[in-house]
Every structure is written in C-alpha cells, then in structure tokens.
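Presented sequentially are two complexes of chain A, the first with chain B as partner and the second with chain C.
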Partner chain A sequence: MADQHPPKYGTVARSNQWGTRVKPNKHGLRLGDINVGVYGEIPDRWEDQTRNPRGAIAKKGVPPLGYAIRDKADLWADCAADLYEEAIQRRFASATDVPWHTIKPLPDVLERSICQVLTELCQYANCDIEVISQWQHQMAYGYHEVKQFLATATFDATRMYETFRKRALCNGGGLGLEGPGEINRMILESRGGWSETVTYLLLMRGSYMQTMLRYLERYAQNDAERSIYRFALEAKARQITYGLDHLRYSIAHDDDRRTVMQMLFFIGDRVWARELGDHVLREALSIIFAGGLEDAPTEGNATYNRMMRDFMNEYLGICEWLGVKRDLATLPGRMSQFVIAAAG
Partner chain B sequence: MTALTPAPVPVGNTTPAVEFKLDWLSQQGEWGTHAVAGKQGLTLADVAIGSYGETPEFSDNMTGRPRGAMPRKASYRIGGYSIRTRSEIWLDNASFLYEEALQRQWSSATDVPWHTLEPLPDDIETAQCNLATFLTEVEFVAGDVPARWIAQTTPDYFEPRNCLLAQVMDEARHMDVFRKRALANGGGLTQATGGTAGVVGSIDLARDFTEMSSRLHISGEGAVLTIFRMGELMAYNDAEKAIYRLCAQDEARHVAFGVMHMRYMSEAAPERRDEIESYLDEAERQILAGSQNPAGQATTSSDALAVLLGGGRDKYDEGMKKLQAIRRRQIQEYIKRVRSAGYGERFDNGRSRIQDLMASTAA
Partner chain C sequence: MRFPSPEWFNAVAAVFNADDRYRGAGGGQSFCRFGVIVGDDIVVVTMDGHECSGAETVDRSSLTDVDFYLEMPRSQWLAMLKDIATNGRATLNHTLNTIDLDLDEGLSKSIHGDQYREDLFFRYNQTLQFLFDASARVQTDFGAST
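Right after this comes the complex of A and B.
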C-alpha cells in the first residue's frame, strides 16, 4: 500500500487537550506528575477494550482485546504511580550489589537451615511471579499506573528468586526440600478477582514474608545476607503498601468487598494453619535464630514464636485498619496461640 | 473493636524445649556447592553448576519447586505449566541477557534530561506527539504478552523466564517515557492507531511461544529497534536523543532473546523448522504492511516520521526519502537476524518474498 501524501495532519483532530507542558521538578519527571487535565482523569470504569492510551483520541472500529478488569475498584491504588517510580529508583543487581565476599563457611547444620529457608523463599517469590504475571494482561489500559507498578513487582520478585538461589549455592550448601505448597496453591487458585489475589498474596503471605525477612535480617550471618534481606524487605514493603491502598479503595467503592474479605480471611486462615503445621520451616528458622542446633529447641523456638506473634499482630492489625472484623474465637489454634484478645 | 495484645512468649532458660524432627536435614538437593563470584560479580551463569546447572529437556516439575531442590512427594501439582519442553523457550545466553538487563536499568524520571526540551514548531511537536502516542500504545504489547507466558513456563527454565520478566519491566518504562514526552512540551497525546488490536496474526493472539516470539521479538521489536537506533535523525533535543538511545539498548536485548531462542529451536527441534518458516512468512507479510511497525506504509506514525526526518511538514517528501532508507534498513536487519537464527536459506531458495518488499522501498 502506498504512503499517504500529503500527510494527514490537519485533517484530523490533533488531541483531546493540546498545549500540555508538564515540567520536571526536583524529583525529575514522574509518572504521577503527568496526570494533568484529561490525562489525569481516571474513570470508575474503563470501557475501551483496546490499548488506547488514557487521554488519547480513541480510534473507532478496533477489534477488542478483552480485558477482564475494567473497574477502578478492582485494581486501583492512588499510590501506584509513586511506588512505580520508587521501585525504579531503587536499582538492585544481586551480582554486584551484594557483598558476596563477606560470606564465610558456616557450621553445616546452620548452612543447611539457611539453604532450607532460602529454598522456601524462592518458592514464595516464584508464586509472586506466576500469580501477578497472569493478571497483568487482564488489566485495562486506562489504569496503566497499576500495570506499571505490577511490572516492578514481578521484576522485584524475579530478583528475589535469583538472589535467594545465589545465596543458597555459594557457600558450600545447596537447595533444600521444597515447601508444602498449600498456601501457594491457595494464592494461585484465587481467581475470583484481582482483589482476592491481593488479599492472599500481598496481605496474608506478604505480611508473613515481611516479618520473616525482618527476623532473617536481624539474625543474618554476614553483610551479604543482610543486604539480600534488606532489598527483599524494601520490595515487599512496596507490595504491601499497594495492597493496603488498593483494598482500602476497593472497600470504599464496593459495598460487598469488606464482607467478601472477611470470608476470604476465614478460609485463608485455615489453609495457613495447616501449612504452619509443617515442621520443616519452623525448625530451620529456629536453628538460624539460635545460631545453631544446640539452642534451637529452646531459644531458637522462642524467637520463632516471637516472629509469629509479630506476624499475627501485623496481620490482624491490617484487618483492623481495613475495617474487616475478625472474630478471634474462630482463628485456628495454630494462629490464635500467638494472640490473646482482651475485650475492649 | 477488639483490642489485641501480644501473647507473652517466654525466652531464655525458661523456654520449654520443643522436640525437633530434623528429618529434612538429610533431604536436600546436591550438597557442597561453591559458586564463586567472577569479575562481573556473582551472576546467574556462575550458579549454574553441578546439578543446579542441568536443565532438563522435558520438565516434570509441576509443583513449582526451584530447579535442583529436593521434591516433596506430598506436594500439590499446582503449576499447570504448558511450556515444559526446553526447546520451546530456551536460549543459550539467557543468563547473560538477564544480568545485562539488571545492570542497565534506567529511570525516565531522572535519566532523561527533560530540561533540554524547548518549544518546537507546531508541525514538529505534533509529529513527535503522534509518534509518542503510537509508541505508548505499542510498547506495552511487549509487556502484556510476555507476562502471559511467564506463568505458563516451568521454573525449571527460569533463566529465559527471568529475561521475559525483565522485558516486562523495560516495556513499562518505555510506555511511561513516551507518555511523558507527549505531555512535556506543549503537545499532548494524539489519536491512537488501534494497531495492537486483537486480530488474527497479531502478537497478542499467538498460541505458541515461538510463534509469539517471532512476531514480537524478531519482527515487531526488530522494526522498532531500527527506528530507535535512528533516533539521532528524529530527535530535536538531548532529551529525545536520550529516550531513543536508552530504549534502543533495552530493545536490542529483547530482539537478541528472540534470535537466540529461534537459533536454539532451529538446532534442538529441527522437526519444527517448516512451522517456523510459516511464522516468518507471516512476519514478512506484515513487516511493512502491518500497523505495529512505526515506519509501516500508510500509517500516521510513518507520516510523523517523515515530518520529523525531513524537518517539517513542508519537507515531507525529503523526510519520506529518509524513511524509505529506514525501511530498507529494517528489512536488511531483519534478514540478518533471521540468518543468524538459522533460517537464512529462505532468502536464497525463493521462499521469502522479502526482496520484493525491498524493491518497493527503492528510492
């Protein structure tokens, strides 16, 4: 087909809002900065089923792509654009940013425990990757800030996956026994909507993993491990921030969402409790916290219990912050043992 | 509201000892692994040692365990992976491309000298915005589509999967940088082209990974890469030069992924050669006629390119001559890629009609 001659400029409307000139500020030119005029108008429902950029003039007659998530309440978080830019600023390459030379040989049982925990953390990161990436393309283009933030989230999870693996394979150890996978299955099966996935992946698993990473950083054997866990903590914090912001937005715009979440937590608690019954991770963490096997059944286990108490505080605090009522009497014993409730 | 109080946890000598099973201590993958960091740090290639570096030709890992970890017999088959044959996704330099992607991350907020943007003549600004709108539209095709294949790929092939995840990140940044450019200099987003629609033969609808990769990496991104490399000719300030340069380095990795995967496929699965030739036939039919190439014939983005290359609407014909040269270069680079991937004989045995296309771009 021949080219148009003369060019079509001037024969079609040029723009929905010509004359837009966003200037950079001291933070540069960020994604949120350009949400001005029509370009910053984010509708409650995005009807367009094409990749029409928000604010551009839509072209009629384009076959649809079939996005499943087109309601703002189903994915939005006001902080997504900021989190996206923050993730980009915090560049991290494990090959060169981790001081690998600080890792020295460790007692065999301690190395085995570290490798076991890292194996399970690899699986957590893998779950993040597989779950988030299967939702990304289903999200409508009008909410590109969320899609872009999630691109950073899967990229962060990728880096966690390879960094945990590198640590497991660089100090005379290897990978351990794979985890039970029941929680992974629950998260992967949360297909009722992205908000359901956020509840399980970013809040339940996210807050658990964040708590574990804090403890692992505290009980790290060297600077390399500290830097690994610190990077993972930063990334996890961004995910949880998005998750909280999204669910709060979602609850505020969908009358039934809070009740659905209550049910999700009720179901999730039971799955969670079953996996907590697996002794492998508990024992490995206890050995790490005790610095060896000798004190693991006592002091190590006590520290593990403190970690679980912190997790339960975090988890129930999140529920409280979201206004999702929890009946503590219905918590499974493996979770409630770390919480006592006083009537307020 | 119920007030929550942490449960008291006894510590130290008062802590009752729990009984440990410790059976897992003897259930581990290969032990005694000492990956050593090289001068590039500790890379993925460095940890691909012993059994941890062995990628199976067919993966039976349906539980999502990391490659080399000890399987747990009671684990759920939660993977549901459709890509479990190595030739379907593998390439030999995935680790290298991934590590390079990590080293070359950039920020559109701070790595582009936005302050160098100055008001441009109206026809030039319109053309820049038109091109930026098009690129905003197409760049996330290359984000959405690879993402869809990641969860379908067994983690036994995590190296290529990591490359695709880095690509999703890159494309998010491309989408954002072109949107920023459109809104930063007195213009705005113009009309979308609809060039990424869900029509037969589009990147979105590919049913096979290699088919998708041939459409996305070899043909689509290959064409865009040529444009980015010619960015100096279309840029009117340092900000635009930086944008094209930074995007080009990312795009080059994505194209390299496609070429190297196709090369591996060519060697490892010769029984699929005829099928791959069909994908290339399709790619060649669309390379200039399709609407995902910004320099494609009869697209508004090619009009915009002609205006930018010529230096104004009144120099459209001059710009079109340069655009024809770019199209020829797109085709030449495409031929080089396909030859490199191991399918070069199609240009010698008459199967490819690309020379006809080349003739249509003669100055």
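Right after this comes the complex of A and C.
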C-alpha cells in the first residue's frame, strides 16, 4: 500500500463566495432563484474550456474540452431557467397520464390516417432528439440554464416519440410510410451555429408542428389522443418560447444576425416547399379532419388549408416580431398560396 | 354566482387551488395575467404558481397590461361553461384550443402583439383548461340570455 499523507482539509474551505444562503420562496427553490452574487454573473463570453461550474474556483491545468459555443449571443435566452422549471413541473408519464382506455376501434381508413400522421410526428420527435443533443455538448457550462432546459426539451421529444408510437400501436393499426424527411435533413445538417438550427428547428418546423398539434387536438377521436396532443403542444410551446427569446437576444447582440436569418428563411422556405409537395401527410390529415374518407377531399382538405393558413400566419408573425423582413413575393408558391388565402 | 364576476372566478379558484389533480398530468405552476371579456364585462385573472390568486374587474384600457385575453360572444362562453357543468370538464368542441381554432378571430388575443407573452396561452394551456374545468363544481348563474 502506498504511503498516504494525513489529510489537512484546508482546501475544502476554499470558495469564491462562501456564506450564500438562498431561501426558498412560496414557489420553492428554483433554478433562477440561486443566481446570486458570483453565481449569477453570466458573462458575454465564457472563456473557461472545462466543466467548471459557474462560480466555482477554476483548477489550473485541466485539459480543454473544446466547447464550440462560448458566446452568450449564440445560445442565451433569459427565460431558460424558468422554462427548465416549467418543463420539470409539467412532466408527463405517458404510461399512466394518458387515458388509454378511451381509445376504441375506429374505421380502418381513419386509423390508418392517424397512424400515418403519428409515423411522421415520430420522425419529427426523433429529429428533435438528435439535433438538440448534437449541439448540447458543444455549449459551454457557463450557460448551464440553457443546457438544462435543452435537456428537458430532448426528454420531451423522447416522450413525444414514445407516446406517438404507443398510440399508433395500440388500436389495431401500426406505423405507416416514412415521410420524405427533407426538413429533418436540413435541420440536422445546419452547421452555421446553434442559432441557425434554432431558426429551422424551433421556429420554422416548431411553429408548423405546434399548429398541427392544435388541429390534431381539435379533431381527436378520444380523450387519450386529446391529452397526448395537449402534452405535446405545451412542450412544443416551451421550445418555441426558448427559440424566440434566444433569437431576440441574439439579434440584439449581433448586428448581422437579422440579415443572416433572412437568408436562412429564404433557403429554408425552398426545402419546406419541396416537402409540402408530398401528398401523403396532407391526405392523412384531411381524412382525420373530415372524420373519414368521404368528406376528405372537401371538408377535410378545406380544414387542411385552414391549418396551413394558420401556420403561415404564425410563421410570418414570428419573423415580423423578430424584425426579420420577409419579401412575400419570394415565397415559394406552395407557401404563398396560404398567405394570399389568409389575406383574402 | 354570476359569470364573469370576480366572485365567480374566486369561487372557481378555490376549487382549482385545492385540487392536487390539477398540478400533474401536464398541469403545473403558471405565472401570467390574462383577461376574460364577455360583452362589456372584463375580468383580469392572475395565475401565480400553483394557484389562481385573484380576479378583478377592469376597463378595456387595462388590457395592455395582461399577457393575453380571451374574448368570445357571451353565448359561446355560456355554451362552454354549460358543457363543462354537464360533463365535469370541457368536451371536444368546447376546449380552449378548439374554440381558439374555430373562431375567425381566435379566442386568445393580445393588444401588445408580443409573441413571447401570447405563447403563454399554449405553454399553460392544460392549466387554463383545468381552471375552467373547475367551474363544474361552482354554481354558475348563466343569466336571462340563456
């Protein structure tokens, strides 16, 4: 056995700010509440390249971990700590919180359509998981609120994947056709930085998915589906809120960001338009909205068009709110048709 | 109790605040102020953590301070509340989300147009639904128009 020196315990007492006593309030002790003193100092750039927790004494000689995202403007959102708490509190266990017993056998064409939509929603959720987690490890630890919130976003996406899959497999149906996935690929391969990915994942596809979830809740066949879509809707709304707050912060601290986003939307719109050309999802949604095949081409399709108008209003509304100018004349026809219809 | 008076909301809040079931399954703490407009009656409701902490009558100019407000014709408010009273909770055509989609102008609106604050309607959607669902256990005066 090697010689061991008797411990002196002197180093244990070292701290940048000892005597910190944050008290819980009536809402508990929340992540944002403990941002006091040095622990709440969040610099514009995080120079430390290790896992040193914010406010701790840095150890010399730790090999750098190579975090790529160290500028606050590239990931920060003031609401991140609150969103983290919100996500934890609004957690949802699909095994027991969904009233699965309310699902009854449906006409085959309706069940097939529901399963088709859920198949594509599983792909969306899977894309969320992969995209967020591939960026998360590149974010510096000084901005732990964002990393923690994004961890909940990843977990929310896994629960969406799980819950959508369960619904598809519990009523005599099964998974349908894989969707085209061009948007997924565009999001996965966006390499210009996390803010670029946020633009595509959380604002562009996020607002589309949120709109779709709202319509699916509206046209749900039972309480189980209703609760599934409502859970997903809340989770997606949190992600969009982070996206909005981050991009607003980023635009305020980076002169070029707004122009870059303008170009990103221009590029993204074209990929989006290609994906909209796929008829499978549109037809499945039309059947769900019409409650069957008979009225799908008329009533169902009209509701689909209304959903798309709502999406375009939301999408363009977000751009306007962020101050990102859009030239509607450059929108691809598959998108602009819904803007024109909204104006009329 | 008359809808939409502060007394009515306080009675609903008493039910909502005391029922732990409203805190799980997608429910949770919420922090917002939202308006409810029924004709000329305007009530602002405050959500603070797990509780609905208060309601007050205001005039239209105060709506600039709320995160969002819910507005629809009195007949639709009453149809929603009657559905909740009958079924113990809102059924398909009477959920807040459904009504928001079905109304041409939407149910949830704001004066400030702040996307961030408007999105609280979606982030807290389940809690807001639970709050209105709690009205099933409150005696509501639907008024002569019904």
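We take it that the second predicted complex is superposed on the first by the 327 of 344 C-alpha atoms of A that agree within 3 Å, B and C clash if a C-alpha of one lies under 4 Å from a C-alpha of the other, contacts with A are read in each partner's own complex, and residues count from 1 in each chain.
Criterion: a contact is a pair of C-beta atoms (placed from the backbone, for glycine too) under 8 Å apart; a residue touches a chain by one contact, two chains touch by 3 or more.
Here the structure is a predicted model, which is why all the values come from computation and not from measurement.
Undergrad: In the superposed arrangement, which partner chain does A:A329 touch: chain B (first), chain C (second), both, or neither?
TA: After superposing on A, A:A329 lies clear of both chain B and chain C.
Undergrad: Where does A:E85 make contact in the superposed view: on chain B (first), on chain C (second), on both, or on neither?
TA: both
Undergrad: Answer with first, second, both or neither: which of chain B and chain C does A:H27 touch in the superposed model?
TA: Both partners, chain B and chain C.
Undergrad: A:S227 in the overlay: touching chain B, chain C, both, or neither? Say first, second, both or neither.
TA: second
Undergrad: Classify the contacts of A:H137 with the two partner chains as first (chain B alone), second (chain C alone), both, or neither.
TA: In the superposition, A:H137 contacts chain B only.
Undergrad: Comparing chain C with chain B, which touches more residues belonging to chain A?
TA: Comparing touch counts on chain A for chain B and chain C gives B.
Undergrad: Is A:G317 contacted by the first partner chain B, the second partner chain C, both or neither?
TA: Both chain B and chain C are touched by A:G317.
Undergrad: Counting only touches as set out at the top, which of chain B and chain C does A:Q17 meet: first, second, both, neither?
TA: Only chain B is touched by A:Q17; chain C is not.
Undergrad: Of all the chain A residues, which ones make contact with chain B and with chain C?
TA: 27, 85, 89, 92, 317
Undergrad: Where on chain A is chain C touching in the complex?
TA: Per the stated touch rule, the residues are 26-27, 79, 82, 85-86, 89-90, 92, 97, 210, 214-215, 217-218, 220, 226-227, 230-231, 233-234, 236-238, 240-241, 244-245, 248, 310, 317-318, 321.
Undergrad: Residues of chain C touching chain A in their complex?
TA: Contact set of chain C toward chain A: 23-29, 31, 49, 92, 95, 97-98, 100-102, 113-116, 119, 122-126, 129.
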